[in-house]
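Common to both upcoming complexes is chain A, partnered first by chain B, then by chain C.
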Partner chain A sequence: MPLEAPTRPRTWRRTALVVLAVAAFTVATCIPAIGGVELDFAAIAKNWRFGAEKIGQLMQPDWTFLPRTLQPMLETLQMALVAAVASAIVSVPLTLWAARPTNPNGITRRLVRGVINVIRAVPDLVYATVLVAVIGVGALPGVITLFLFNLGIVVKLVSEAIDSADHAYLEAGRAAGGTQTQLNRVTARPQSMPLYANQWLYALELNVRVSAILGIVGAGGIGRLLDERRGFYAYDDVGLVILEILVVVIVIEVFSNLLRRRLV
Partner chain B sequence: MNAATPDAGVATTPASWPIRLENVTVTYPNGTTALRDVSLEIAAGEMVSIVGLSGSGKSTLIRTINGLVPATSGTVTVGPHTVTGLRGRGLRRMRGHIGMIFQGFNLAERVDVYRNVLVGRFAHTPTIRTLTGIPTARDRELALRTLDSVGMLDKLWARAGALSGGQKQRVAIARALAQEPSVMLADEPVASLDPPTAHSVMHELQRINAEQGLTVLVNLHLMDLARQYTTRMIGIRAGEIVHDGPAGDATDADFERIYGRSIQPHDRLGTAT
Partner chain C sequence: MTLRLTAREAGLDLPARPSRLGPTIAAIVVGVIVVLATADLDIDWSEAGAIPGELARYAGLMFAPPNWEKLPRALFEMWRSISMAWLGAMLCVVLSIPLGMLAARNVGPVWLRLPLRGLFAVIRAVPEVIIALILLTVTGLTPFTGALALGIAGIGTQGKWVYETIESAQEGAAEAVRAAGGGIAEVTRWALWPASAPALLSFALYRFEINIRTSAVLGLVGAGGIGSMLSNYTNYRQWDTVGMLLIVVVVITMIIDAISGALRRRIREGATTRGVGRIS
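Right, the complex of A and B next:
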């Protein structure tokens, strides 16, 4: 005789309702009459020819331009690395202070989280613009911008990962009469290392991409060259730079995956 | 250092401490009352088991002794310390004299055995020194000695996560012994282990009690382990003590009263191989 399975609870009604609500809300945000954004799709049909020419040029990178890109690319890589390493070092204590299991003190934890949220709220282009004005055009304002940008990402993501993980070893340390600093130094920091490593490597990759934009305001690296060529409408050169950034990002990703596998 | 502690100046065998609970009630923030008006006296050097089903309150009871769970009302006294009311530095100093082992071992799995054992020296080490990562010669000596006593010295540089369950619990015992404790607490120390390993860990606790005269308090839910390894058995059910007597004399009827149901085969672990 076949087994009688218990009746499966029916949830499709609620699922359908949620999907419908999300769809309706999304459509509503695109209706200007009720305060939505205006999406003029007709403009694509009108103007696509102007863009097509640029895209055509982008797709045909000018390889003779390559030698001129190497020095700025190297500068970008150096900026990305320096900022990533500096933020990695500073992120270690800040992250442990920002997570509940490694900092039960609500006051200092909220203080660190607040500072990190302020750092994250300011757009990176604003940092770069202000720092270029203060320090001058060059790599340093770029490095400081990337450092702050990385710090925000690493501290937020790693402290949240620590919050959601299980930390039985902390109970043992507490039972042995350790201070939170002792527990963090000897157990929580090494236990959290894979979480850190993931975000540090991600930050490094992000830096290469972000520095392409920071160059627009004069914060050094490949971005400055990219902005210059764009200014001259030399889209074949721009295409080459984008291709180079793609290659570098892929190389970093391959390298990160190798490292990650060894770390875990 | 705390000159009032009786073990001050004694390097090898610290004094064993008695434990006293007076009308202790624990109510968790979610409203659950885990202990109801529990009074209990344990003499220095006793080997006591606390027996009860899961949820009976035995985990809470053992945690009130080192203040991991604060008593809502009543008084807990361990040796010269009144646990209830202690906070901050005073609480940490007192905990430094109470070793504890856990069902889940609670080791830092990515950290080597050596550093896991040094966790037991925290209360006796200034935070600044811990930050440097360099233990004193005496702490190093203690870590090696306690690891050797549980037969784990050859695993000194192994990651805790790479060890088997029984090995992990031995390292956890070494960590507790490195505290040079005056009381040893064990919360279901063998519930995650297979029967032969469980017996060897219970033997270890028995040996610590016999050789060092250490007060040992161990939570168990298996009746044969309580009978075989401990001298006094306290039964707890729904947060109240329902039995207290010599462990060897405890009858099946006593266990049925503690469990609140008839005895089932899984209430026994079985004999050692």
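Right, the complex of A and C next:
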């Protein structure tokens, strides 16, 4: 008896449609007349040497510049830490208000989520630009920018994680007659601490990276130095600053991975 | 008669309460560091009290009412930002999937894997703006530079996600292909790719979402798009136009997030079953 295999499901029509849609969108992004990007591959072929030269200059950092970078680097780290801690404190209640199991009230939950989505939709350097114009040059606009940036990340990611997890402990607490506030304080908060810790550390890592460029718009830290040296075409100094950022970012990443393994 | 006794009075041998000394010390140390860092920051706290009032005043200048005159121009520039983000995401994904696969433990050889991972780590540490500044010398102050910078800067993180996804794919299918005589290419095509494709596509869309935000950053260094327009009008102090631009950025970013989020959910979870297996 011949083996009767089921016919292969036909999906080529749908696949073709998806591919076509992606291709059409891509073509639309390449039309300069409606604001698309003009693909200029000839420039790469012609000018790639300039880029290579610049990378070559960056690769020869000027070590005598090192002492002058330490103070701004410290400021960057301080900004990153202060903003991460401030947003960590504020994120705890906001997250619990933004997750369905810990806030059954639909109106307040949507309100908190809406505010967080708006905060997240503004790019970090845009906050910095506007805040520098409003408050003035210094570390404060940088700290506020990082604070808002972190708040968006932590609240969104942790509240989604709480949403998708099982909550036997909440049910137990409710059966014992606890109010929602009591349940959140006694069960949900300690239960979700590892989730929080994970995202807080992630936010701290991101902060070091982001605050390195906030200085370009005048929001303090090592970025200000970076921008200044670039303005003088002192690429050996710029190379040193980039190298320093690289080392600090990697150190923070290793450190936070160690902490994460303990906490999570 | 009821007798109430604590466990200790009843002679039960309770374990001692676990020591909280370590965590307490850690918390105090972290607290002291944070306080010192805050106090040492170059912030004039005497003026801090005036900031909420100032922010409210500027919010009034921006949004009461925003100036819609430049809206067509803003939409044009926004599409330019979206184009940069999309092309950057395409470039990043096309480069990072093969590179990330080669960097995965069960695919690439050691001599290739370690340098690739090092490369990803280095790219992750270099801010996009720096990459854009290097590219400026090659392609000039154009949106094309922005797209290239986004594409290259994203490889660091994207490559890491790819190899982590591939490594977490189940070994079973790969072993079956190997048992049937498949080499590295066959294992990748018939075991690893089907297992990780949904996650990889989802990451690709996520890269697009991230790029939308980052493209505004590149606009600040002159790559064009909504970021350039925003920084220009902030410098001109035309606050009502800045307010309009902020509204455009927020609304369009949220719309794209919503669409892309829905697509990602569809890719990861498959089609929702309609009328199948619904009992209640």
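Criterion: the second predicted complex is superposed on the first by the 226 of 264 C-alpha atoms of A that agree within 3 Å, B and C clash if a C-alpha of one lies under 4 Å from a C-alpha of the other, contacts with A are read in each partner's own complex, and residues count from 1 in each chain.
To be clear about the criterion, a residue touches a chain if its C-beta (ideal position, glycine included) is under 8 Å from a C-beta of that chain, and two chains touch if they have at least 3 such contacts.
Values in this document were obtained by computation on a predicted structure and should not be read as measured data.
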Touching partner for A:Met59 - first (chain B), second (chain C), both, neither: neither
Residues of chain A touched, compared between chain B and chain C (which is higher): C
First (chain B), second (chain C), both or neither touched by A:Ala23: neither
Touched partner set for A:Leu263, first chain B, second chain C, both or neither: neither
Touching partner for A:Val251 - first (chain B), second (chain C), both, neither: neither
Touched partner set for A:Val134, first chain B, second chain C, both or neither: second
Partner chain(s) touched by A:Ala176 [first = chain B, second = chain C, both, neither]: first
Contacts of A:Phe50 with chain B and chain C, given as first, second, both or neither: second
In the complex with chain B, residue positions of chain A that touch it: 168-169, 171-179, 181-183, 185-188, 190-191, 193-194
In the complex, chain A residues that touch chain C: 25-26, 28-30, 34-40, 43-44, 47-48, 50-51, 53-55, 58, 75, 77-79, 81-82, 85, 117-118, 121-126, 129-130, 133-135, 138-140, 143, 209, 212-213, 216-217, 220, 226, 230, 238, 242, 245-246, 249-250
Interfacial residue positions of chain C with respect to chain A in the complex: 33-34, 37-38, 40-44, 48, 51, 54-55, 58, 75-80, 82-84, 86-87, 90, 121-122, 124-130, 133-135, 137-140, 142-144, 146-147, 213-214, 216-217, 220-221, 227, 230-231, 234, 237, 242, 246, 249-251, 253-254, 257
Chain B residues within the chain A interface of the complex: 66, 68, 91-96, 98-100, 102, 104-111, 115-116, 118-120, 122-123, 125, 127, 130-131, 133, 172, 175-176, 179, 185
